[in-house]
C-alpha cells in the first residue's frame, strides 16, 4: 500500500489510446475525399487542411483572432462561474429561496441564447460585450443547475451532525455544502467552459465580434474552404485542450471522490 | 388547503412580480427594440394562434421531439459503453471532445453538405449538440457506481444485462437525468439554430425572419413563445423525472426525516 | 425613469453584465484640430472595396475623418449597430433598408454602395444551374427549388423579377434559404434546381461547370443600385457636416474604385480571404458615385407586388436630398 502510483505507466496508456483514436479519424477524413466519398472541393482531405493550418499560423491576424476568442471566453466563463456558484449556493442554502425562484429559473433557462442576439446587438453592437452576453447567459444556467444539484445532494446524516453541532450558515456552507457540491461545481465548470467556448465562437460567427468565429465567417464568405476547415480544426483543438486541462484539475481537486479513487487504486 | 396556496404562491410569486414590473416599466416605451409589454402580448395573440401553430410551431416541436429522443438513445448507449470500459473512454475521449467543441452554426453547413436541407438535417443538428450532456453525464454516472454495490454484485455473480439494468443504469440514473435535463435546453437552442439556415418553416425560422425584417414586436412574441414552450417541456420533464427516479427521491426524503 | 427601470429589469432578469460603455448618443464633435473618429459597419464582401480603397488612398483622412472599418455579419447586425451608436455609418442592401423604413426605423441613406454592372451575362451575381441541367430559362423554374442566401430579401425579389421577365409565374417557384458556400454542392447533388450566388461563388460554380440562365440584378431594373451606406436620422440632424464630408469622401472612393479595378481587386485580397489568383477572375460590381433612384423605385414596386413590402415606401425620406 505504500507503493507510489506508477504515474508514468498509468499516464501513457490512455494517452496512447486517445492519440490512436484521433489518428484513426484523421486517416478516415484523408481517405474519404480522395476516394470520392465526399466532394473534395467542399471537404478537403486532412493533409490539405493541415497544410493550410500551417499557413494560417503564420498570419498575424490569426493570432490576434485567437487572443480575442480566448479573452472573450475567459471573461465570460469567469463571470458565469462566479455568478452561478454564488447564486447556486445562496439559492440552495437559504430556506425558501429555491422554491420561490424555481419557476422563474425554469422559465428563463430554456430561452435560447441565440434569441438574445438582437438585444445583445442593440445594446453593444458587434463589440465583445454582445458576445459576452450570450456566453454569460448560457454558461450561467449550466453552472447554476449543477451547483443547485450539488447543494441539494448533501448527505442527510452529515447535515444532522452539522445541526447538532449548531454550525452557523457560513460554517455549514464551508464544511458541509461546499465539499458535497464540489464535484458538481467542477463538472459544472467543465460543462460551462464548453458551452462558453461554443457560444463565444457562435457569437463571433453570427454577430461578427472579433475572434476565430469571425475569421471562419470571412473565410466561408470568401469561398476559402481549406482555411475555413483549418480554423474549425483550431476551434476543436481549443475545446480538447480545455477539456484535458479541466479534467486534470478535476483529478487534483477531487482525489478523494469515489470515481477518481477507484482508478487511482486500480493503477497500483 | 393552505399548503396548495403556499405552493402556488411560491411558483407564481416572483414571475408575477417581474411581469407586473415589466408591464408598467415598459408601458409607453418608445424604444424600437424594447417595445411595451402590452404590444408584445398583442403581437403574441395575433401572430401565433391560427395557421402558424400548425404550419410552423408543430413541425418545430416534432423535430425537437425526434432529435431529443435520438440524443437520449445515442447518449445513454454510448455513455454506458464508454463509462464501463476504461480503454474505450481513453480511445474516444479526444475525438468526442473535439467534435463537441465545434460550435453548431459552424457544423450546420457541413451537415447540410452531408445530409441535405430537409428535416433530416435539422434533426441531426439537434442530436449533434444535445447528445453531449447526456453522454458525459452517463459516463460520469457509470464511473461513479458505488464500489460496495459493485462488489456485492460481483459476489452474487450478477453480470450482463441484469447488472446493467439493476446496478449500472439505476445507479447512474440521477446523473443521467441531470444530463437529460441539460440536453433538453440545448435541444431547444439547436432547434432554433437549425432553422436559421436553409429552412422554410418553423418557430426558430419565424423568429429569425422577424428579426431580419425588423418586425421587433413579433420577434419578442416569438421569444416569449419559446420561453413558454421551454417551461412547458421543463414541467413535463420534471413530472417524468419524479416518476422515473421515485426510488431516489424517496430514499433522500426518508434520509432527510428528522430522527 | 421608466425606460431606465425597464432596462435595469431586463439586465437583472437576463443577468447580463452591467452595461459598460454603451453609446446611445451620436458622436460628439471632436476637440478642435482633431479628426472625427468614424466607425463604419461593413460586410467582408467585394461590394465594399471602394471604402477600403478610399481609406488607403487617404480620401477620408484628407477630410478630417479617422476611419475605422468593422466587418459584421449582415444588415441584421449593422442596422442595430448604427442605431445603437457603435457605428456612425453602415452598409446594407437596399431591400433591408426599405424593410427597416417600413418598420419606422429612423435611418437615412447617405450615398451609393454598389450597383449591378447592368450587363446581362456579365454581372457579379446570376441565376445559375448545374452544367447538365435541362433548364435554360427562368420560366422553367416554376415548381422547382431555387437556393438564395436570405429569404424575403433582395435575392428573392430579383430572382422573382427574372422569372416574371421570362414569362413565368414567380409564385410557383420554391425558394430555399442556403448559405452561399453550400450552393455549389446543392446544385451538383440536385438538392436544388437553381441558385442565385454572387461572387466569389458565381465564378466557383462556373468553374465547376455551372451555367447562368439569367442576370437577375439586370432583370430587376437597369443599373440597379444593390446596396448603400446609411446613417441614423439622429446623426444626420446633429452632425450634418460630418455626413457631408463622409459622403464626399465616399463619392471620391466610389469613382476611384470604378476607374481603377485592378487596385480594387488588390484591396479585396486584404480584407477577405480571397486570393489574388481568385480575385482576378471575378466580375466586379459597378461603383457609380450617385444612387440610381429610378432603379430603387422599380425595386420597391417589385417588392410590393411580391408582398414583401406592405405599403409604398417613402423613398424621398430615405434617400439623400438630390
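As written, the chains take the letters A, B and C, and residue 1 is the first residue of each chain.
Assume contacts are C-beta pairs under 8 Å (C-beta built on N, C-alpha and C of every residue); 3 or more make two chains touch, one makes a residue touch a chain.
Computed from a predicted model, the values in this text were never measured in an experiment.
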Higher number of C-beta pairs in contact (A-B or A-C) found for A-B
Counting only C-alpha atoms to place each centre, which chain is farthest from chain B? C
Averaging over Cα atoms per chain, report the distance between chain A and chain C in Å. 36
List the centre-to-centre spacing of chain A and chain B in whole Å, with centres computed as mean CA coordinates. 17
Show the residues in chain B shared as contacts by 2 or more other chains, in ascending order. 18, 33, 109, 113, 211, 216
Counting only residues that touch at least two other chains, what does the list for chain C look like? 10, 13, 76, 80, 83, 179, 181, 185
Quick one: which residues in chain A touch 2 or more of the other chains? 39, 42, 108, 118-119, 122, 205-206, 220
With touch defined as at the start, can you tell me which chain C residues reach chain A in the complex? 10, 13-17, 19-22, 41, 43-45, 70-73, 76-77, 80-81, 83-87, 179-181, 184-185, 188, 200-201, 204, 208, 272-275, 278
Show me the residue ranges of chain B that touch chain A in the complex, using the header's touch definition. 7, 10-15, 18, 33, 86-87, 89-95, 97-106, 109-110, 113-114, 132-133, 136, 140, 143-144, 146-147, 178, 181-182, 184-185, 188-189, 191-193, 196, 204, 207, 211, 216, 219, 222-223, 226-231, 233-235, 252, 255-256, 258-259
Spell out the part of chain A that touches chain B in their complex, as residue ranges. 13-15, 17-22, 25, 38-39, 42-43, 96, 99-104, 106-115, 117-119, 122, 138, 141-142, 145-146, 149, 155-157, 159-160, 187, 191, 194, 197-199, 201-202, 205-206, 213, 216, 220, 232, 235-240, 242-244, 257-259, 262-263
Contact set on chain B toward chain C in their complex: 18, 21-22, 24-29, 31-34, 109, 112-113, 116-117, 197-200, 209, 211-216
Please name which positions on chain C make contact with chain B in the complex. 2-3, 5-7, 9-10, 13, 75-76, 79-80, 83, 96, 99-100, 103-105, 150-153, 175-179, 181-182, 185-186, 189, 191-192
